[in-house]
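What follows is a set of notes on a single structure, which appears directly below.
All chains are identified by letter, namely A, B, C and D, in their written order; residue positions are counted from 1 within each chain.
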Amino acid sequence: MKLKTLIVLMIMLLMSYVPAMAQGDPDVINPEDTTVAEVITPAPATNLSASDTPNDHGHSIDLSWDLSVDDGAGMNNVIGYMVYRATSMDGPFESRSGLLLKTTDYIDAGAINEYENGYMPDHTDYYYKIRALTADTAVYSDSEIFGPIQSYGQWFNWERLAVLLMVAGFLFLTVFFINKAKKGADLFVRRLAGIEAVDEAIGRATEMGKPILYVLGLGTAADIATIASYTILGRVAKKVAEYQTGLIVPCYDPIVMTVAQETVKTAYLDAGRPDAYNEDMVYFVTNQQFAYVAGVNGVMLRERPATNLYMGKFYAESLILAETGTVAGSIQISGTDEISQIPFFVVACDYALIGEELYAASAYLGKEPLLLGSLKAQDYAKAGVIFLAIIGFLSLMFGYDGITDFFHVR
Amino acid sequence: MARSKSISIIILLVVIALFILSWVIKATTFESDPDRISLWFSVRDAFFITMAAFLTLAIFSFLYKDNPYYKFAEHLFVGISAAYWMCVGFWSTLVGNLVPNISETLSTFFKVPYKGFHFTYFVPLILGIILLMRLSSKHGWISRWALAWIVGTTAGLNLIRYLRTDFISQVSNTFVPLLVDWKGVGPFFSDFSLSSTGQFAMTLSNWVIFIGVFCGLIYFFFSKEHKGIFGTASRVGIWVLMITFGASFGYTVMGRVSLLVGRLTYLFKDWLGLIS
Amino acid sequence: MSSIGLIISFLFIGLGLIWLLILAIKGREVDRRLIFVFIGIAVSVPLLFKISFSEKATPIVRDVFYKIENLPEGSKVLLSYDYGPSMAPEVEPMSNAFVRHALTKNHKVYFMCLWATGQSLVATAIDSIVKKEFPDKVNGIDYVNIGFKAGGTGVLNVIITDFRKMYLTNVDGVNLDSVPIFNGIKSLRDMDLLVSIGGGFPGVKEWVLFAGAPGNIPTAGGCAAVSAPLLYPYYPRQLLGLLGGIKGAAEYESELKDVYPDRFADMPTPGIAMMGPQTLAHLVVMAFIVIGNIAFFVTRKKKV
Amino acid sequence: MKRQFPLALVFIFGFAMIIQYFIPHQHSEWVNAFFMDWMMIIGIFALALGIWSLTRVSWDKVKHKRENWQYAIVTLAGLFLMIFFGFDYFRHFSTAVGSDNYMYVHFYQYIVIPIQATMFSLLAFFIASAAYRAFRARSLLATLLLIAALVIMLRFNPLLGPLQPVMEKFSVWLLNVPNLAAKRAIVIGVGLGMVATALKVILGIERAYLGKD
């Protein structure tokens, strides 16, 4: 009974599709009329096969079959299919899908957890059949039953092999070059104007007796740009402590604030000036984009910092900050990986680190071999990308798309 | 000094007078509005609309120079917004998300549907409390455990996420055919057209993309001196970057002007009633 | 009225710019505040005098318009308000136009938002447009608002397989199973069109990457001008069309007025109205760039 | 314990997160799902620290009568009034969405929203002043920047007449093609930088943020 209502409902749902499909007599859909109409049992779907869904967490089975010969041809009375499943050969079978139109495959996925509705346990024998339905709820035909089949989770997602190879390759490169650097190999690094300017800017601030403003941006603790910014802040704070210049770090995200406090404190300790550290150098303003900007603008105009450093994630506020900084007469150095904001920093700041340069900056400032090693690894990876791109072009030219497929990660 | 002080007091008095004037006028115009049921409502609504308008003007005054009105609006904004996010966070995250997963008593107290006990929600609770240990000068170092957890998890999770969503998809999208729909030299010239979906335009675009990406990447090389051919490529790379930045900048002007239009519409329409 | 305004503003701005040009040739730098004054005039005068220019929809906008136009009546259209009040002036005209268009075509409209700040904006849209202009449309049958859930892309990951894992009720607290419009709707895959309005994160890009592309669901978007260049690459394959900034909104509005001249005769067209200030402001910015360059070359010559 | 344990935590959790991506098993999927939830909850505790910091800095200003101390009172008053209204659930408590206290809602609507939108709209002025100052043909790079911006700005200028559709097409091409190339180059670089930074953090090479003592 329940099944019947379900099918009636499905058919009613189908009504909305009828104009688009332009098949089947709309009158037949009315359940009351179907008792009169004479319908012949259609041919069943054939070649049903099932297998565990690959590269997943289990609780799911892939099904495929061939269309009934009466679907869109022959007697042309099949309106769609439904998937049925049972835990034994003799049933009871329950429906697992809605009405599937002209479909030859289906993924039967259940809930993962026992407490959820529709839980589908792994390592259980399942039997499947496909029912070809006609407009008459009582007239249908079932395919042969396929089974038993079990679902289970895999331990490795092969579709993501490309990512694993990249991570592993990059990890190897990084460790390799860091070791090389440790052994004293001289690693050349080209100069980056924006980073060299940081040193000068700290010196300038000291001469002028004015503080340095460091803005970590709007990134949350979950952004790697913010992590990169902590490390730059660490180096800047250390120099600031050595030169005994002031440092102001207004924060947007409270977690970022705590990390930044820890970073600055460590830097002052490293510089041998723990006494000069003051908890209120790094403070929280507010967790709201433009309120934060209003607050930082105020600091710029009232404290008149000699240098403003913007490092991290920035959004629309980038230009407000940079223009106010210009009015205040500060030297401004920025770095962000937020592509839509780089143009504004490039236009309005004295120096702008573009994208990857932000991530390279901490290595530059530290000039530690360990960190320079990772820059070398980055370069090799870029060379690898260029190499791959060329191989990709060539292979596409010869009509082979295996390489592009390999890098197509779902 | 005394003179500038008296001038600023006069300005303040004028501002207050204008504020009251606007409030009164606004309240009387509301009075005739059938939607507002009582005098009290019109007075109250008129106050809020006038305040919003004056705060808008206070922020605009910043364009001239820093001044007490901007300072007032700025400080008020900082305080109120910080508290607002605190309250939103408390109600939607702690009450809406944490409480229903850990305690039935608290769920009833806050009138949220209890979802059942989930021990996993104790992890953030404990980490949050550990983080609060910062306030203790003696045990503050314990809070680093929470920071370490956050930074470690973030680093691992985002490393993968960016590799997947941005990096690899961009790399694989770079694999574009450099000869679109190539059928030979003859057809290429005989069907030559400049239409944007035509073969020539598509091929040209793909070449520009290829060279742009290639030179852009060269520009980002750190461990090699940008000299010779390498230097030329890197220079082409920065050209492409600059053209893009200029284009983005030019494109954004439109959006920013729209925002200003929005604010001025508020002033002209909702406050002054100059336009309908 | 509008022609007087046009003359006044052109006179004002034109003469002012010529004066500045003369100053520039003499080698004087323009005070930034003067630039601000010009921008202020260029934006407010057209607004006060209602100066507007005619708009014609570009293909990228037409694609969205005719997608909604050509869907069969009663199709399911999901509108996600992924923006806050600060972005509203730019993208609200778009969402209003989408709502009007979809309801006129008798589509079923599902409102939601990925931004907490979108909630009140959806409510405003329902109160001021749906209830006032479409009084015969019934909440729960013709449209529904399921509101906001925190989690951004996480929400999309869930609702692409099952709405009910994320949303138990609509905003009024009614169980989704008792909302007629949700009958037979399990996930995003049951929608005929997804429209995300908003330019930040999460926004159109996330809808494409986490819902439209994996679920193979037609996705259209409207976004702030700043994010449009970043979204162009997804058009037309993953994104069937895009309204970029107020210009996109104006084009959509004019298309709507062209196709339904009677229905929308009195429709407010904030998008079109905003193009007047846009055009003048762009002229002013360009004029200042030119003046700046003249000043630059003059001073350089003097130094040499 | 003070230094080694956090580093170990970073290492273990960092690698666990990387590995879980490759395991489609159910035990790894909830880790991903819960992380964001957890971060938000921790974020609220951290926000308490933030409010504490804001209060202390403001109070310090008032106490020592530093420059502009009067305005610090405004901040504190706004903060505590809003917190008071926001937590006023005994009378007005509605749902988990938040307080629906009249003052709370109206403060948001008539103070936060207008100021926020106005701050944002300042950009219209700043974008003009930045363009005036920076778009000068000083060098080849600056000239390229300038020309690209002008071309894009010209695209919907009705005074341009018949040239307008050409400009429109060209600017769309500019946004579609070179823009795409530059974006890809930046994204690929940024991706590598991120991976490098994340690896340095996980391997404990970058540890400035973890304190010293």
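Quick note on the criterion: a contact is a pair of C-beta atoms (placed from the backbone, for glycine too) under 8 Å apart; a residue touches a chain by one contact, two chains touch by 3 or more.
None of these values were measured; they are calculated from a predicted model.
Asks: Centre to centre, using CA atoms, which chain is the farthest one from chain D?
Replies: Farthest from chain D by mean C-alpha position: C.
Asks: Just list the two chains that share the greatest number of C-beta contact pairs.
Replies: Looking at every pair of chains, the most contacts join B-D.
Asks: Report the inter-centroid distance (CA atoms only) between chain B and chain C in whole Å.
Replies: Centre-to-centre distance between chain B and chain C: 16 Å.
Asks: Centre to centre, by mean C-alpha position, how many angstrom separate chain A and chain C?
Replies: 25
Asks: Can you check how far apart chain A and chain B are, centre to centre, with Cα atoms defining each centre and the answer in Å?
Replies: 19
Asks: Two-or-more-chain contact residues of chain A, please, as numbers and ranges.
Replies: Within chain A, residues 160, 163, 167, 221-222, 224, 227, 255, 258-259, 262, 284-291, 294, 302, 316, 339-340, 342, 344, 346-347, 354-356, 360, 375, 378, 382, 385 contact more than one other chain.
Asks: Which residue numbers or ranges of chain C touch two or more of the other chains?
Replies: 32, 36, 39, 43, 86-89, 150, 226, 228-230, 247, 278, 281-282, 285
Asks: Which positions in chain D are in touch with at least two other chains?
Replies: Counting only residues that touch two or more other chains, chain D contributes 18, 21, 37, 39-40, 42-43, 46-51, 54, 68, 95, 97, 112-113, 115-117, 119-120, 122-125, 127-129, 131, 133, 135, 145-146, 149-150, 153, 156, 175-176, 179-180, 183, 186-190, 192, 194-195, 197-199, 201, 209-211, 213.
Asks: Across the complex, what residues on chain A touch chain C?
Replies: Within the complex, chain A touches chain C at residues 9, 13, 16, 19-20, 98, 109, 289-290, 315-316, 327, 339-340, 410.
Asks: Name, in rising order, each residue of chain B that touches chain A in their complex.
Replies: The touching residues are 59, 62, 66, 70-71, 73-75, 77-82, 84-85, 116, 131, 134, 143-144, 147, 150-151, 154-155, 157-160, 162-164, 167-169, 171-172, 174-179, 210, 213-214, 217-218, 220-226, 241-242, 244-246, 248-249, 252.
Asks: Quick one: which bits of chain B touch chain D in the complex? Just the residue numbers, please.
Replies: The touching residues are 48-49, 51-53, 55-56, 59-60, 62-63, 71-98, 110-112, 120-121, 123-125, 127-129, 131-132, 134-135, 141, 144-153, 155-160, 162-164, 166-167, 170-171, 173-174, 196, 205, 208-213, 215-217, 219-220, 237-254, 256-257, 259-260, 262-263, 266.
Asks: Applying the document's contact rule, which stretches of chain B touch chain C when the two form their complex?
Replies: 63-64, 88, 92-93, 97, 165, 247-248, 251-255, 257-265, 268, 274-275
Asks: Hey, which residues of chain C end up touching chain A in the complex?
Replies: 32, 72, 74, 86, 161, 184, 186, 200, 214, 226-227, 229-230
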